[in-house]
Amino acid sequence: MFAHKKGLGLAVAALAVTATLAGCSSSNPLDTGDGDTGNGATTAITIGSQGFAENEILAQIYGQVLAANGYEVTYNTSIGEREAFLTGLADGSIDLIPEYAGNLLYGSDPEATASSVEDVTAALPDVLEPLGLVTLDFAPGADADAFVVTKEFSEENNVTSIGDLAPIADTLTLAANTPFEGRWFGKLAETYGVEGLTFKAIDDFGGPGTLNELLTDTVQIADIYTTTPSIKANDLVVLEDPKSLIPVQNVVPLLSESVYSDKLAELLNAVSAKITTDELIDLNTTYGGDDKPSAAVVAEAWLKDNGFLK
Amino acid sequence: MVWLWQNLELVLGLALDHARLSVAPVLVSFIASIPLGWLANQSRVLRTILLTLGGVLFTIPSIALFVTLPVILGTRILDEINVVVALSIYAVAVMVRGSADAFASVSKDVIGSSTAVGYSRWGRFWGVELPLAGPVLLASLRVVSVTTVSLLSVGSLIGVTTLGYLFLDGYQRSFPTEVVIGIAFTVIIALIFDAVLVTIGRILMPYTRALPTSSRASVTRVAAEVTS
Amino acid sequence: MNFFLDALAYIVDPANLTGAKGILPRLGDHLYYSALATGIALVVALPVGLAIGHTGRGRAFVIAISGAARALPTLGLLFFIVLFTGLGLWPLVAVLAILAVPPIIAGAYAGLESVNRQTIDAARAIGMTEWQLLWKVEVPLALPLIIGGIRSAALQVIATATIAGYVGLTGLGRFLIEGLAVRNYTLAIAGAILVAVLALLVDGLLALIQLLVTPRGVSRGVTSTAPRSRARLRRARATP
């Protein structure tokens, strides 16, 4: 368990303070947000999500379970990059957000080296505690950054693993979201000796813009997340990462200590346990499918299928 | 269209949020522009200072304003107040110019006559100058309202719920329909706002219809458009 | 205000001027996108605005269209086009040009309509063709307002060209996005300052041109007296 015992105490204290102050002022830093009724009967919680679909579906999944169990849930979608929502968690704009273990660690601590589930699990509390944050259990499913190339490129250049890029790196361009360069290029050179890649920032989280650039050979490598349906649909090759450059990216709810409770942990851990990588791919496929349902609808259907909602 | 029907709740919810967030900047700019516009006509120096300031504020990229306001205001980073304040700043920047022109358009002869018939300075402002500046003020306010509604969607890039969500979401799943619906609802809200402003203008300023030609309003509007 | 000072320090640091992420190349790109978009908008909008202003026809229609164009959210339009074309320069330029069209049209026809009716009648009376009337009388007299429209368009385009950074292009918007992505306020504010300064410089340049081309005796404040002469002009036109 990653929760700290004092989390509960803090949450109670926070609720007490919020209850007393509710209705007087919204500048109270412990104020949990818009939906605060202050009568203690319901607990208000604001759930954030990052700027891409899968994360929003996960936010809805966690949120709807909480809503069904007496929480008053509001959503804050498309927050964007990690640095933004970490600040948002710190200043109380949001209370909970679905995260990915490895990126959470590296985003909070650029010096981190952990890469396996065990190491990341062990390293996280030390990084999160000073921020007043806790994580719940990891889901078995993961959605990791991946170095993706087209099949033709892979065959022509005999590239199947990240290390294979080293000899031709200075002729290649890689597309990813803006923070990717700062976060991974140094480690890429260190771990695999891949140096001289040109970086092209396309901030669509491996979406259609990035994909199009890859398919038209404008860029040769793209950071597309492993659960993205377009990888399979376009027969793309995910380069192997034998030296574990990219750390494990299991889905994990990240929340501020002030909203932690055993009840909440129990509810969400049960949900996380069902979120496998295949389920993530399915969720993304449904979302991008012919009906284009909203994230809320996709989440609700999944929760019903898995017996969390009636 | 099927998609719109199936997701009506989502779209209408976003549209309501969008409209709600657009109201404050338009109101703020109107209220602020009246004293500022009047002030701008008190001296050449004041006019230059106010209009230059308005021009500078308008050139700040919206996304920059959205993200730096929390640092300046001490607000929470995801608070929608940041976007409302940012858009209010733009709206005021545009309105100052329109309002300065509006008060400048009131004929000096009329002002002189009203003083002659015994208006106090205060009474003259409310009874003569403001009503006569009204049509040009309205013209600028219409431009401000359309611009505000349109610009608000950028807020989605920083986690504020607006119709811009449909742009990002539709784009990410390669679904043009969703993007178009987002655009269409933005335009619809802008048109509704515009209709409301025109109606309020008709109620408050029935005298504009008594003026010689219908082209008056459009010419002042054009003037407002060029200068803003 | 610390961020602000740090941002200024960042801008004046010669080390940040050049290189792949330097201020100068990004400034150049930003200007290039903006000039291209404004140029295209000019080619499209100026003839339309002049035609409406000269003939007085199609005004209501164009006012309605350009009003609606103002309501079009730039970001939505950009994403929509990119879905069909893929990333690249032209979607961006198209969207920025759409932004620039309404103020240019408005400036052009407001400028022509502000020309004194008697002047136009006098020009016809001395035997000028419509073409001569347009180019030798109307356009010179309307230039201040025409350039006023272009100023307004250029200002909006430069401020909005920051979105280039979202579709795989560069420009000064990259400073904003990079600053945002890692919460580096210094970088974001430096980007904002650069955009604002660029916009003001271009605006100042156009203002100067506006001043230089204004024929002697024509005041820049034409708009405030326009309505009255407008009314007279309408009546004059009604009886050919």
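Every chain is named by a letter (A, B and C) in the order it is written, and numbering of its residues begins at 1.
To be clear about the criterion, a residue touches a chain if its C-beta (ideal position, glycine included) is under 8 Å from a C-beta of that chain, and two chains touch if they have at least 3 such contacts.
Because the structure is a prediction, the values reported are computed rather than measured.
**Student:** Can you list every chain that touches chain B and also touches chain C?
**Tutor:** Looking at chain C and chain B together, the chains touching each of them are A.
**Student:** Based on CA centres, what chain would you say lies at the far end from chain B?
**Tutor:** Following the centroid criterion, the farthest chain would be A.
**Student:** On a C-alpha centroid basis, what's the spacing between chain B and chain C, in Å?
**Tutor:** Once rounded, the distance between the two centres reads 19 Å.
**Student:** When the centre of a chain is set as the mean of its C-alpha atoms, what distance in Å lies between chain A and chain B?
**Tutor:** That pair's centroid distance is 38 Å.
**Student:** Express in whole angstrom the distance between the two chain centres, defined as the mean CA positions of chain A and chain C.
**Tutor:** Averaging C-alpha atoms per chain gives centres 41 Å apart.
**Student:** Could you tell me which residues belong to chain A and also touch two or more other chains?
**Tutor:** 80, 84, 87, 208-209
**Student:** Can you list every residue of chain B that touches 2 or more other chains, as numbers and ranges?
**Tutor:** In chain B, the residues touching two or more other chains are 156-158, 168, 171, 174.
**Student:** So which bits of chain C are touching at least two other chains?
**Tutor:** 82-83, 166, 177, 180
**Student:** Given the complex with chain C, which residues does chain A contribute to the contact?
**Tutor:** Answer in residue numbers: 80-81, 83-84, 87, 175, 177-179, 182, 200-203, 208-209, 212-213, 216, 218.
**Student:** Give the list of chain B residues in touch with chain C in this complex.
**Tutor:** Of all residues in chain B, those touching chain C are 55-56, 58-65, 67-68, 71, 101, 104-105, 143, 146-147, 149-151, 153-154, 156-158, 163-164, 166-168, 170-171, 174, 176, 179-180, 182-183, 186-187, 190-191, 194, 211-213, 215-216, 218-223, 225-228.
**Student:** Could you please specify the touching residues of chain C with respect to chain B in the complex?
**Tutor:** Listed in rising order, the residues are 3, 59-60, 63, 67-68, 70-77, 79-80, 82-84, 102-103, 106-107, 109-110, 113, 145, 148-149, 152, 155, 158-160, 162, 166, 173, 176-177, 179-180, 185, 188-189, 191-192, 195-196, 199-200, 203, 221, 223-224, 226-227, 230-231, 234-235.
**Student:** Mind pulling up the chain A residues that touch chain B in the complex?
**Tutor:** 48, 51-53, 76-80, 84-85, 87-88, 91-94, 204-205, 207-209, 287-288, 291-294, 296
**Student:** Please name which positions on chain B make contact with chain A in the complex.
**Tutor:** For chain B paired with chain A, touching residues are 3, 6-7, 10, 76-79, 156-159, 161, 165, 168-169, 171-175, 177-178.
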